[in-house]
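Each of the two complexes below includes chain A, the first together with chain B, the second together with chain C.
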Partner chain A sequence: MVYESKFKISLLALILLLCISPYFFHSEYYFTLGITVCTFAVLSAGLNLLYGYIGLLSFAQVAFFGIGAYTSAILVTQNSWTIWTALPIAGIFTGIVGAFVGYTSLKLSRHAFAIVTLSFSLLCTIIAREWISLTRGSMGIPGLPAPTINIPSLETIVLDRPNYLYPVFLIYTVLALFLFYRLGVSRIGRALKAIKLDEPLASSQGINVLSHKILAIVVSAVLSGMVGGLFVFHLTIVDPSIFDFYYTESMLIMVIIGGPGSYWGVLCASILFSVIPDLLRFSSDLRMVAYGVLLIISVLILPNGVAGFLRNRNNKRWKIH
Partner chain B sequence: MDITFLIQLLLNGVVVGLFYGLVAVGLSLIFGVLEIVNFAHGDFYMLGAMLAFFSGMYLQFDYFISIAVVIIVSVFIGYLLYQILIVKLKNRSFEQSILLTIGVSMVIQNGSLYLWTATPKMLSNLYSYKVLEFANLTLPMLRAIASIVTIITFSVIFWIFYFTRLGKAMRGISQNRDAALMVGIDPVRIGLYAVIIGVTLSGLAGAVLAPIYTVHPTMGFAFIFKAFAIIIIGGLGNISGTVFAALVLGIVESFVGGIFQLALVDAIAFIFMSIVLLVKPEGIWGRGVRV
Partner chain C sequence: MENSLITSIEKNSKILKINNLEMSYQGVKAVDNVSFNVTQGSITGLIGPNGSGKSTLIDCITGFLKPQAGTWFINNAELTGLPPHHYSLAGISRTFQSTKAFGELSLLESLLIAGQSHDEVTFYKSFFGGNKLQIADLEAKRRALELLEQVNLLKYADAPADILSYGQRKLLALSSTMMTKPFLVILDEPVAGVNQTTVRRIEAIIKKLNESGVTFLIVEHNMEFIMNLCSRVLVLQSGKIIADDEPNVVRQNPLVMSAYLGSAQSKANNKHEP
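Our next item is the complex of A and B:
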């Protein structure tokens, strides 16, 4: 245990160092990179809650991300709300959609669940592309205004550059990840893990399987939706490509390589897989080919990810001595 | 609205439905025998179309010869896919098989984007720009030929499925895996045949449809989602249900597109699927989406 807590403290210190690292370089590029890391950290933690804890392979995460993005963008541009009021509303709306999708798809088998959540994401792309009066179709909604912070008796701060936007992302990410962590170690988190291990047994112990599953879907939908709502103000445009399968594939890689069900493993993987390919300047096609190969290898050789592999090795070591 | 127009819409719908069926049947077969949802199915369709394009444009192969070439290559790809990857999954969970096929799909799709770029390619051959006319109804020559090839393929598949020992074994496995094993059916060998047939059907669809639609690396993507909806509507693993659902979808799309001129034609498959799932979750003839 001592060994483990020391490891976690040093890991936490390393992550903290990474959080403030963009301030060492005086370049906007590193802040942009930091924003990408934050976004993917929240997204992959959301998928991890569903796949790693309960074993629901949901492809609807990218849909919640995009719905949150569109909701906040539309509220800000067409109803001239500020981003700070639009974000919670986007979160609530995504949560309601998540509850609806969860309620309808959870009654089906696991096979149908995967296909239905995937179809839901695609349906969202089609709606975003075709409901032109609301979303402006493929042209998207460009020129989203930069968020401002209005403190009375001080001048208005305009967050129009990645340098200023990054702290907002960081605060949101830390809050969201803390919530995921608390949920994971709470009674609910243990119930979720019990459901993954043996669903009939869990339900015989008085755990309401359906409501726990829906709760997990709603929590990850709300947090992914809000990060989506924030992310488009960094992009300054929202178009149907926010629902791109690329986000799903990246989330999957981070969760699978990091280790489904391992909070820290997935967090490390989402940092690594957001930063390294960007720093190496891979062509994006080749990057996805490499991700695909990694995914295949990981499924065949490391079904529990790197974290699962380390855990197994430790378990073996304890058994021998 | 005159009757000719409606019959024309019906004809178009049936033809498109046949094409959907060609892709969906392979997907349904692989699911029925192996319980694997093959996310890479659309990419084999794309590879078939690419191969047909290159053999037609650069090697000047005839339409039918390039179809034959694609069939041979697809059998080989199916064999490799099964022996190198799928067989290693053994009894892993269903989600692992999805992840594996997504990985395969990412490699094929992005590899093709890198090699051949996203530019759509047009394949034209002897039969392009020719139109069959019959009693005020028109049907492009290529679509007519493709429909005939599809009907022949369906006949062969139905013959295999309902009149041979292999088909009996496949149906046995998809009805009850354990019982099939008990009576001496080898699931590994039957799985190999199912994957080969499934991948070949997908490749064949690509080769047949290459001159009708444009060929590009992400062409399989939109197609495969409709195929997913179709196999859910028809009941996962049910071959006849799949063909029927494909035809119905093709006809409904054609009528909705022709009469209402909706831009949302692509969403019909999903709306249709949602209704079926809400009303009858086991599919129209399902052996059960619920487990």
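Our next item is the complex of A and C:
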């Protein structure tokens, strides 16, 4: 127990150090990398809540990310909202969409849920491409204005560079990850794990399976939608590539290698696997090959992720017979 | 067992009433027009050969299956057609034939999960915390550890349920039902595949709980166990109740002997009777 607490404190200290590390380098590149890490940390924590805690393989995560991105971009460019008002609305709208997707698909089997969410993501890509009057189709919505902060009696701060935007991402990520953490360690998180391990047993003990599942989807959708809404102001453009399978693939790698259901495992994996592709840029030819080899080795050595490895080691301590 | 519900239920009242229950699988009747009552404070046995419809009946009255016909009432409140979690909240707890456990979670966590929907902590409070949650959590932990001690599993409180033997899982399942503060417990084959020592332990626990006011409906193949524990035995064959009486009377019933031993054996037994 003491060992576990010390490990978590050390890990937290390391993560905090990583959070402030871009300030040591005085290069925009590291702030951009920090923004990517923040974005994937929230996205993979959202997927972990669904897949790791409750056992629902959701491909809709990227759709929530994209819906949040488009909603905030449209509200800011076409309705002249500020990003600070557009972001919560993007989150709420994505949450409503998440509740609808969840309610309609959760009565089906877990396999059917995966297929429905995959189809939903593909549908979102088609809508983004074809609803030209709203989304401008494949051209996307370019030139998103840089967010500004107006402080009375001080000049307006324009967050037009990664090193100005990074603190906003950092604050949002810390808040979102805190919410995921609280949810995971609360009674609700315990109920989610129980549902994943044995749904009939959980429901026979009074746990309302459907409402817990919908709650998990909504929380995951809201937080992913808001990070999407923020991320496009870093990109300064939103187009249908925001629904790209690359995001889903990255999130899955982070959750599977971190260990589904492990908050800290997935957080570490999301930091590592956001940074590794960039570290491998020294060789553009071998970059993806090296990344692939690294993934294969990880899966071979840790088939149940880092958390699964630690859990197996813990189980071996308990020998009864 | 501290349960306010129990005190509000009259002794000898009908705690469970099942009327004309029917369940078919592709035209084959698994439960055929079954009606019976369970009295408060009793231990009722439900026996029958394999495939007689015992587990189907239990799955129907706990919301896991949707029967084609029938109504059922718990303490005069109709629960027909409600989803499974409502039954637990209404005071019915059950175990499963295939012993279920939250394998990755510790025994303590498993019991806390079983109890968490049964205290007064709201959904909102369970996320944001507060004094009420802290008190409820402490009380739940105390109770869970007490129950683990009763079934001799206290030393494994922090161990994952995965490492338990089959018999220990049965004991864990029984303790989990107690975390839900039930007034009716339905046990589906609580001693199947369990060694004699554990059978005796489970028997003693059930007796003790029954003395404190918990009503039991037990599905089991182990006749000795049923005969020792139950004040009344129902026998199901091909989805129909063929006997409903005291254990000693049921044991002598030719229909029951025929159902269990086959008609030839039954005739042979009857021939030897004076």
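Throughout what follows, the second predicted complex is superposed on the first by the 292 of 321 C-alpha atoms of A that agree within 3 Å, B and C clash if a C-alpha of one lies under 4 Å from a C-alpha of the other, contacts with A are read in each partner's own complex, and residues count from 1 in each chain.
Everything that follows uses one rule, which is that contacts are C-beta pairs under 8 Å (C-beta built on N, C-alpha and C of every residue); 3 or more make two chains touch, one makes a residue touch a chain.
Quantities reported herein were computed from a predicted structural model and do not represent experimental measurements.
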item	value
Partner chain(s) touched by A:Asn315 [first = chain B, second = chain C, both, neither]	second
Contact breadth on chain A, by residue count: chain C or chain B	B
First, second, both or neither for A:Arg161, with chain B first and chain C second	neither
Partner chain(s) touched by A:Arg182 [first = chain B, second = chain C, both, neither]	second
Contacts of A:Lys6 with chain B and chain C, given as first, second, both or neither	neither
First, second, both or neither for A:Asn208, with chain B first and chain C second	second
Contacts of A:Leu118 with chain B and chain C, given as first, second, both or neither	first
Residues of chain B touching chain A in the complex	31, 35, 37, 85, 88-89, 92-96, 98-100, 102-107, 109-111, 113-114, 221, 225, 228-229, 232, 236, 263-264, 266-267, 270, 273-274, 277-278, 281, 288-291
Residue ranges of chain A touching chain B (in the complex, touch as defined)	51, 55, 57, 104, 107-112, 114-116, 118-120, 122-123, 126-127, 130, 245, 249, 252, 256, 283, 285-289, 291-296, 299-300, 303
Residue ranges of chain A in contact with chain C within the complex	182-183, 186-188, 190-191, 193-194, 197-198, 200-210, 261, 311, 314-315, 318-321
Residues of chain C that touch chain A when the two form their complex	62-64, 83-85, 87-89, 93-94, 96, 100-105, 109, 112-114, 116-118, 121, 123, 126-127, 129, 133, 156, 159-160, 162-165, 168, 176, 179-180
